[in-house]
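You will see two complexes here that share chain A, one where it goes with chain B and one where it goes with chain C.
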Partner chain A sequence: MNGWDWSAVADFMPRFWDGLLLTLQVLVLGSLLSFSLGLVWAIGFRSDTRLVRWPVQAVTEFIRNTPLLVQLFFFFFVLPEWGVQFSGLTTGTLAIGLHYSTYTAQVYRAGIDAVPAGQWEAATALSLPLPRTWIAVILPQAIRRIVPALGNYVISMLKDTPLLAGISVLEMLQQSRLESASTFQYTEPLTVVGIAFILIAYPASLLMRALERRLVR
Partner chain B sequence: MSADLPPTNDLTPVSAKTSASANTDTDTDELIRFDKVTKRFGRNTVLDNLCFSVRPGKHVTLIGPSGSGKTTILRLLMTLVRPDEGTITVSGDQLFPAGPKEVREIRKNIGMVFQQFNLFPNMSVLRNVTEAPVRVLGLGKDEAEARGRELLDLVGLGDRCGAKPSQLSGGQQQRVAIARALAMRPKILLLDEVTSALDPELVAGVLDVLRDIARTTDITMLCVTHEMNFARDISDEVLMFDSGKVIESGPPERIFSAPEHERTREFLGAVL
Partner chain C sequence: MTAGLWTHWVLPGIWITVQLTVYSAALATVVAFAVGTARTHRSRTVRFLAGLYTEIFRGTSALVLMFWLFFVMPSLFGWALVPMWAAVLALGLSYGAYGAEVVRGALNSVAPAQREAGIALNFTPWQRLRLIMLPQAVPEMIPPFSNLLVELLKGTALVSLLGVADVSFAAYLVRLATQESAQIYSVTLVIYFVLAFLLTRGMRTLERKTKAGIGITTTAGGAR
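Showing the complex of A and B:
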């Protein structure tokens, strides 16, 4: 087995930074998509009409219970046959955002359900309009439980971004594979990528734990 | 348009139900009317073909054992639950099955104070009181806050406007809840066991505030309580409930000193 080669690390750095940037881009956009789409699902869960509630439940259960990699391949290789074609990056961001929206939807649902029924009743007794009840009464109370849980899913999402290598998105893992393909050195690029994940994910999870302690009484 | 709808909506069913007497004078004199109202939760019949009415400005206290349906009456009026049968009218407007817009209009006249206070914990005390006047009645923020401070003064909490509900005692929270309900200038105030969740030493402060309101305003009050002295003080009429029916009613002096019904005697014997 070869020894550790620092020059291989240095050679990998330009690719690594590109990969890191792209990973973070996918993470930020994917998170925003999952946060907003998840809220749409969560409101759908609470709809008075089954015509909305059932399809939303069916779709989100389906997405949540099929692997992200299968969804990525489906969007990347199958949808173009129906004339729907995006770049790997766009496809990957949409797919990961969609996939995680089904988890964030459950986070919203649980956070909203945890607001006591008396709060809804008080809002009704004051004739507050429904949108105002959501914005001023329910969501501000639910958010204390929602935010830390969402943060944990962002960390999970970060750790799922290497799946996008499967549809040739040049995130960190794919960059390390390209590097290895040209230099035949696998140890250094992969190690750098692994360390990068720890350096982001671990402090982030500590932050989430602190946030949870502060927000959830 | 919405002003036209409610009368046409309710005229037919009400006149049909009361066709025996067909007396429109008593109808206009009634602020609240329950007509053959039945409410079931599962197999449990909580209200059984209930009829009663309340005239404007009256203070009516509902007493009776737990589970006799008293709270359900308040929750029906607040449209938090729907009746299975029968009609409920407020100022001649039928509550069910009115459209959401009509219900909101009727509901604006009704305020409710809950056993568990149900203040909004994310808002300051003052904003708890001003939120609905600003958002529902369309008051300006300054006007709403001035009125809010007045009401908080009235309940003895003028100096706690900026506090969060969690910083107040239960009794103080309940007084804020009373101010919050009054801020909507309701014609009807529903009081649902408002002192049941309080430590004993905090009960008097809340009841004093309510006595004041009963004495100095013309708000119609419907009150579910286990505080019999309070009921005796403020009530014009006491309704004794048992198993979803009114079994006895009358002025408090008579109900408390000379109850006629056996169940009333038993109940009062147990709580007094």
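Showing the complex of A and C:
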């Protein structure tokens, strides 16, 4: 049993900032991927033909109901067997983006369903082409409502980035493990990382709640 | 994949995953109801403490919490936990915090007149909660709890990083033994999918039963 050692915290800080930077990088790229891919799935849900609708629903249900960690390992180990050589960081970002795209797809779907049917009819009456209907009429109304919900998934994604330590990406948790492995001090690095998550996630969730009050009516 | 790997690692791994899910879900339910009802308590201090708990445990990452309980608690407090229990504790405490929000929301959605009727009938706060509020709030909680339960099942995969021999850990060992990843990892994903499907089905039945208990009948198609 040993107490708290501030010098160990100071020693960990350089590694911590590197890890934080990488975590944020994964988060930004993963979010962008999940936002765009989720929209693709959501438009697929509304397709006129079952040939598109059913496979999209089946694939997203499957991805959403299986663990991200196993998906990470799947891509990390299986892609090289198929001849695709990606770094752990690229694999991790793609996997986390894909996993969360199945959540954002549900958010987009709810947002799109909430657009009144009259808007679709008006677009038809004006004989707007389908892409224009989506871009100029439906999405601007849908997205405004779903910004807070999307933001909450970004926060969830942040809290899932430590899983990338499993495929040895040097994010915050992996940095703390490396620090502990070289100094044999487990307490300080891990505690710093845990607190860092709360310090980022809590203000972010307050921000989302404020946005929800402003944008969703 | 040989039969030996299957019976020695994968099947016991599935059993460990099921056990982890059941134990963590039990702990999470207790935490959710305790903290969730505490958030509707009349004392401001109790509400604040319950709110603090939810914010801390929802704010941190379940994996970091798991590592913290396993690596830091022994050196800081002198308690060592078996990996399995560190995992159950981490999953139960963090998903309990998510569940507490569900409980609070459902309790708040019960019509205020119901609570007032309880006061008028001179019920104690405990009787009000047990006889009036909870029977009406519980059916409302089940769909969000069902989602959380699937999240919890997915969360159990994290324990493989602590070396608990669950089905994800089994997949890792099988990969090392057979030098083949696609097959075993596909099988593992399907196993999780089937488990999640069974959980969702079970929760849907539970929802129908609890609703029938307070006189709401749902159609067989599950339309709400």
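Structural remarks
Just so it is clear, the second predicted complex is superposed on the first by the 217 of 217 C-alpha atoms of A that agree within 3 Å, B and C clash if a C-alpha of one lies under 4 Å from a C-alpha of the other, contacts with A are read in each partner's own complex, and residues count from 1 in each chain.
The rule is short, and it goes like this: a residue touches a chain if its C-beta (ideal position, glycine included) is under 8 Å from a C-beta of that chain, and two chains touch if they have at least 3 such contacts.
Note that the structure is a prediction, hence the values are computed from the model and not measured.
Once the two structures are superposed, chain B and chain C can be ranked by residues of chain A touched, with C on top.
By the touch criterion defined above, A:190 reaches chain C but does not reach chain B. By the touch criterion defined above, A:198 lies against chain C but remains apart from chain B after alignment on the C-alpha atoms of chain A. Residue contacts after overlaying the shared chain place A:69 against chain C, while chain B stays out of touching range.
When the two complexes are overlaid on their common chain A, residue A:163 makes contact with chain C while staying clear of chain B. Legend: residue contacts after superposition of the two complexes on their common chain; A:77 is shown touching chain C, with no touch to chain B.
Look at A:141: by the touch rule set out above, it reaches chain B but stays clear of chain C. Shared interface residues of chain A, touching chain B in one complex and chain C in the other, do not exist.
On the chain A side of its complex with chain B, the touching residues are 116, 118-119, 121-122, 124-129, 132, 136-137, 140-141. Residues 1-4, 62, 65-71, 73-74, 77-78, 81-82, 158-163, 165-166, 173, 177, 180, 186-187, 190-191, 193-194, 197-198, 201-202, 205 of chain A are the ones touching chain C in the complex. On the chain C side of its complex with chain A, the touching residues are 55-56, 58-65, 67-68, 71-72, 74-78, 150, 153-158, 160-161, 168, 171-172, 175, 180-182, 185-186, 188-189, 192-193, 196-197. Every residue of chain B that touches chain A in the complex is listed here, in rising order: 78-80, 104, 107-108, 110-112, 114, 116, 118-123, 131-132, 135-136, 180-181, 184.
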